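One chain, chain A, appears in both complexes that follow, with chain B as partner in the first and chain C in the second.
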Partner chain A sequence: MTPLQIVFILVSLVTILSAIFVVSLRKIFHAALWLIVTLMGVAIIFALLEASFFAAVQILVYIGAIAIILIFAIMLTRNIMSDDEIQINRSWGIVMLLVLIFAVIFISQLSSSAVISTTLVPLEFQGQESIIAFGEGLLDPAGYALPFELASLLLLGALVGGVYIAMDKKGGENK
Partner chain B sequence: MLNQWLYIGIFFIIAMFLPAVAIFLARLLSPKKPTKIKNSVYECGMETFDPTWIQFKIQYYLYGLIFLIFDVEIVFLFPFAVAYGNLALFAVVEAIIFILILLGGYLYVWRKDALTWQ
Partner chain C sequence: MIPLSWYLILAAVLFSVGMFGAISRKNAVAVLISIELMLNAVNINILAFWHYHSQSLGYTEINGLVFAAVVIIAAAAEVAIGLAIIIAVYRLRKTVVASDINVLKG
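Moving on to the complex of A and B:
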């Protein structure tokens, strides 16, 4: 095994383990903290795939903002942070079975398709060139210009919707 | 490319290692004589009153949400800024439209007084 593979396996194990903690821990606040570890693992996997920009975005946006918002949401909605709730309900056995069946079907279908046998090709861009190419493609009218503008609309929707729901209604009606 | 991340990884490990060693050594060496006063909750030397785990104001969430939206905006604008030298005028107009759409959202938040601390 190359060192890269060892790092990949270690990081994936940490990511999967912390993801299991997120869905199984009783204290919802601890689950949110483990989510940060999971997101960090995903960021390292992005870095291993030489997607530096996305690794940075993963840390900046997911860990820097979304995880914080999540923790805010827990502190706001639960009146105490030490909320002991069981994260499973009675039908967890059936759900586990269904998930297993789905996973078997999914993996068997994936392994027979051409996607899984594709070998990874390193990028021909060096250093900063990849982000320049990304920027050009993002704003190219023949490329991803429309999704770029739609992202702005999506963000606008999220902003207005989120603020409308979160805002104190009395304060809003004065205007 | 990956070598740069290797350096960051080494720094990350050292950054984790140093405080871990400090905490572990302190635990190993320090004598343990806990008393009631030593174990009590303190906050800047003041005696705490009321439960400390209170419900937070919704305003924190609003600020967090608005920060998140504009954080993502910066993420989208960053590739544009890096590739700026190679772009046509059309791309600049696109970026201006992108910013203007979000400016609308900002104006909405502003007019709705969501940014005023109550």
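Moving on to the complex of A and C:
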């Protein structure tokens, strides 16, 4: 085993364990904090894949924005659902069975295909070359300029729509 | 020197855990958190195949990077809209339990 493989195994064990905490803890606030550990593990996995830009984006966007906005929403709606209540619904046994069947089918299909024997070697190009190619591709009219602009429109629409949906339309009694 | 299949198995397990949470949790915010786990698993898959394709081509292949970026953008938009809907419903019905939000039920 190379040191890189040991790092991968440790990181993925931490990621999976904290993901299980995220879906099973009764205190929703603690689940959100464990989500941050999971996202950090995924960021390390991205770094191992030599996608350094996405490791940084994962920390900035997921941990810095999405996890914080989720914690905001949890604190705003906290007094409604008490932490002692059962947090999963009655059919969780069936759901767990289905999910286990899904995982077993997926992993067995994976281990019987040819992809099992391929290994990822370090990429030949060094430094910032992949980030430069990514940026040029996003602004290239023959490449991905249109999806890039559409993504900015999607974000603008989400911003305006989020403000509109969450706005208090009756004027509010606690003004 | 990590095998490609390790990444795929990690992504499959993470996706399964997220799917369990998304179907079985009561709290709507917890359902959104589980969906974030599933989207992260998808991104691991995309970037693992991006690395594999780049190493076999010998140069940087940008399609996989663009797909991963679009997944992250869609996740950000989805979480903003989802939380706005949850807060609007909370103001109207005083609940965040997904099965109690049944106004459209026939």
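In this text, the second predicted complex is superposed on the first by the 148 of 175 C-alpha atoms of A that agree within 3 Å, B and C clash if a C-alpha of one lies under 4 Å from a C-alpha of the other, contacts with A are read in each partner's own complex, and residues count from 1 in each chain.
Here is the rule we go by: a contact is a pair of C-beta atoms (placed from the backbone, for glycine too) under 8 Å apart; a residue touches a chain by one contact, two chains touch by 3 or more.
Nothing here was measured: the structure is a model prediction, and the numbers come from that model.
In the model built by aligning both structures on chain A, chain B fits alongside chain C without clashing. Contacts of A:138 after superposition: both chain B and chain C are touched.
In the superposed model, A:149 lies in contact with chain B only, and not with chain C. Touching more residues of chain A than its counterpart among chain B and chain C is C.
Of the two partner chains, chain B is the only one that A:75 touches; chain C does not reach it. Contact with both chain B and chain C is seen for A:158 once the two complexes are overlaid on the shared chain. Of the two partner chains, chain B is the only one that A:64 touches; chain C does not reach it. By the touch criterion defined above, A:128 reaches chain B but does not reach chain C. Of the two partner chains, chain C is the only one that A:28 touches; chain B does not reach it. Looking at the shared chain after the overlay, A:119 reaches chain C, while chain B stays out of its contact range.
Across the superposed structures, the minimum distance from chain B to chain C, using CA atoms, reads 6 Å.
Note: residues 4, 48, 50, 53, 57, 61, 65-66, 69, 72-73, 76, 80-81, 123, 133-134, 138, 151, 155, 158-159, 162-163, 166, 168 of chain A belong to the chain B contact set and to the chain C contact set alike, using the contact criterion stated above. Only residues 4, 7, 44, 47-48, 50, 52-53, 55, 57, 60-61, 64-66, 68-69, 72-73, 75-76, 79-82, 123, 126-128, 131-136, 138-141, 145, 148-149, 151-153, 155-156, 158-160, 162-163, 166-168, 171-172, 174-175 of chain A touch chain B when the two sit together in their complex.
Contact residues on chain B toward chain A in their complex (touch as defined above): 1-2, 4-5, 8-9, 51, 53, 55-58, 60-62, 64-69, 71-73, 75-76, 78-84, 86-87, 90-91, 94-95, 97-99, 101-102, 104-106, 108-109, 111-114, 118. Only residues 1-10, 12-14, 16-21, 23-27, 29-30, 32-34, 36-37, 40, 43-44, 47-48, 50-52, 54-55, 58-60, 62, 65-66, 68-70, 72-81, 83-88, 90-91, 94-97, 99 of chain C touch chain A when the two sit together in their complex.
Chain A contributes residues 2, 4-5, 8, 12, 15-16, 19-20, 22-23, 28, 31-32, 35, 38-39, 42, 45-46, 48-51, 53-54, 57-58, 61-62, 65-66, 69-70, 72-74, 76-77, 80-81, 85-89, 91-92, 95-96, 98-100, 102-103, 106-107, 110-111, 115-121, 123-125, 129-130, 133-134, 137-138, 143-144, 147, 151, 154-155, 157-159, 161-163, 165-166, 168 to its touches with chain C in the complex.
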